[in-house]
């Protein structure tokens, strides 16, 4: 069920990109899609009653130089978290680029409405 | 861009050091506690953004010019790439080989004991530099961009 | 569990307002609401690194977005929408959403990480995630396993990610540069 | 000689990181360095032909770490990327003098090359996504490089559709991870073979087709291409049409469908129909265009249709259990056309840039009679036009011939007829280009036009020579060295995972 709500968020973002006619709104749609995918990835790694994937001192079995079994059986999946960290920075980068294009377009046309920005045909 | 009142200026010049220290802490302890180069770098950048809002763009421009910032980003990227390539020379032909930890685990290079996570803290510092400079540069560019609508108004 | 549903519903409501409101500034603030509640959600999903990064990135993302909207008088959206197009796309997207429901049932249940199911397959080596949790600390020396993954096991991805940031700032400075073309005489000189 | 595979990514990346350090004064040095980087990539690509190996980054054995894979298909794409990027880079040495911020242009150009090389070499699905984003972001910025109305608008449109495509790919990666528990393509493929293709993976596959299809501009997803490609500076148009849509679109699609999920008859049917649609719609939209570069951009859509058609036809024959030799012939046609299209389309865009730089316009109606004024441009443009239209003995003819033969052998006579008809329409539209640009009357304002010399000319002549000579790739020796290994990667299909795991364990 949480997956379904996440997918709904993705679809809302897609709707915004497809239907809205304002440049900033389109950017918001893309951002919403990004949030949805990030949440989805983190949810995939969640374990009920899990703990964060950071090994604390008392979870290390010093004698055997091993991580305690209690940690191994309870930690959430660190891999999706690493992927999401990457995805967040990528989305920040593309946000900066697309907003700079929006600002420059605003300077040229004086509007954010893409129906008024139609020099190219087709 | 203009600065703000004297109260804001005084407070932000006090607060900036705290933010700065916090960012450094987050970066340097990224291998043992949550956080790391990205979060810490963005916090460092926000210290500069605070200064920029309080004292105005010109003040920051004198202390940290955009071209210098761009060079810092390049330096950070080159440092990160150097860490990656170092694995090729120190190790058995492997890009991004963790040459400190792996040698330590293998019982060689005992003089490198002091950092037992190997390249991870070094890479955190490089990424912190990249992210801090890059984010600051982006926000600086956006805030100082002047609209020149006069000659390009809707035709 | 209940906290996840509450936060998700809040995120969905904020998203719908962000999409439908006619005031651009409100829309941007709603995006901030999505981001901050998303960050809380990450915290409850036991991902403190992501929560921290999300919160700081959200602040700066909002500054960038507000910069785009606030400087102009035109924060309200005028213009009418094509009713027919909206209805058609809503119907299509709703169909996609319903189709997605059967798809999501193939995933492991919420609360079971994906690698647990994959670990059952004896034909394959242990999934990467399981190795990271069990041996990541000895293999890399970092107690924060997320750091160990992004900067050692998958450091190549992180190089790519830093490069994306680099690309975007070079791109942004290029797009916002003052003068883009030289005159023809200068070119030929 | 065995080269560490990350060098293909590291060389352009490090050069790109150095570029912004050169200001206005160091422009000549920056240009020299950038050219050196692309040429050394070309040398590396030529050296690595015929090798196949797996490189584990950081010595982490898969599936723990990321692996890079060099096989026949990758080295074919690497070769195409490096040839086109070396020519386009050499061309921009002079062409980009009309814009400011040249060192940043070079930086973005190299980042785009690095991104494409990363995509082509990657053996990990998330890593593929990261490098896809690098190449895409660099191309968004480069499309808007001129900062004029059309460029910004096209860049925005491209960026929105491109970001949606990237989000589809990322969502598909998430579903893929949720279902298989790994990101490594070889092990994921093995897991899929063990467990069978469930509906979740089928949905992920559909998302991959949509996402990579958006990057490849196949017809339902093509809206951005006719705006973005003409708006970019000419060398960038050459890169975008020549290799970017292939490396990010067709290559990624073929790799994921053939080697990870495995082709079924229905997927192959989707590919064939996308191919036919792109071919027909693209070419008929192209005929009516009066903007030189826009016309070329529509032809890119149409020619990409040929590539997808060839690959899809091969997949269809394979999935139906038909003769494997026919399937390899169809895929050979598709891949050979991919390489040919990279060469002649980039040459066409470079000639259009040369015309635009000499005359200041690219509207066909404002041009005319340039045959005497621009003799070299005219000659190279004619060769490239003949290639794209499939006139013997140029390279386009051979790949189209193979496609037709493969279609006839497999019993798809309708496809063969469509291929020939589309080729004829292409010929008509390029006769129109010749007629309006190089023949006819010279307009009064173009009397002063001068031929471009120096690096622009060299780049065009080299590509034109390649157009003539590339038919030789079909000679048995070269064919078994370059084309056959690439075809074998696709016809082997799911044996990919076993091969990779075996090579990694060596």
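A, B, C and D are the chain letters, set down in written order, and residue numbers restart from 1 in every chain.
Throughout what follows, a residue touches a chain if its C-beta (ideal position, glycine included) is under 8 Å from a C-beta of that chain, and two chains touch if they have at least 3 such contacts.
In this text, all values refer to a predicted model and were calculated from it rather than measured experimentally.
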The pair out of B-C and A-C sharing more C-beta contacts is A-C
What is the distance in Å between the mean C-alpha positions of subunit B and subunit C? 21
Between subunit C and subunit A, distance of the C-alpha-averaged centres to the nearest whole Å: 1
Rounded to the nearest whole Å, what is the centre-to-centre distance of subunit C and subunit D, using the mean of the C-alpha atoms as each centre? 28
Note: subunit D sits from subunit B at a C-alpha centroid distance in Å of 35
For subunit B, residues contacting two or more additional chains: 32-34, 38, 70, 73, 77, 81, 84, 95-96, 98, 131, 135, 138, 141-142, 145, 147
Residue list for subunit C, restricted to those that touch at least two other chains: 48-49, 53, 57, 60, 64, 67-68, 100, 104, 107, 114-115, 128-129, 132, 138, 143-144, 146, 148, 150, 152, 154-169, 171-173, 175-176
Find every residue in subunit D that makes contact with two or more other chains and list them. 6, 13, 17, 20, 57-58, 126, 130, 133, 137, 140-141, 144, 147-148, 152, 155, 177-178, 183
Mapping chain-to-chain touches, which pattern fits: line, ring, star, complete or other? complete
Spell out the residues on subunit D that touch subunit B in their complex, using ranges where they run on. 4, 6, 10, 13-14, 17-18, 20-21, 23, 55-59
Using the touch rule from the top, collect the residues of subunit A that touch subunit D in their complex. 10, 13-14, 17, 23, 26, 30, 33-34, 36-37, 40-41, 44, 79-80, 83, 86-87, 90, 93-94, 97-98, 101-102, 104-105, 108-109, 117, 119-120, 122
What part of subunit C is in contact with subunit B in the complex they form? 48-49, 52-53, 56-57, 59-60, 63-64, 67-68, 71, 138-144, 146-148, 150-152, 155-156, 158-159, 162-163, 165-166, 168-169, 172-173, 176
What residues of subunit A sit close enough to touch subunit C in their complex? 1-9, 11-16, 18-22, 24-25, 27-29, 31-32, 35, 38-39, 42-48, 50-56, 60, 65-67, 71-72, 75-86, 88-90, 92-97, 99-104, 106, 111-113, 115
Contacts from subunit A onto subunit B in the complex sit at residues 52, 54, 85, 88-89, 92, 96, 99-100, 103, 106-111, 116
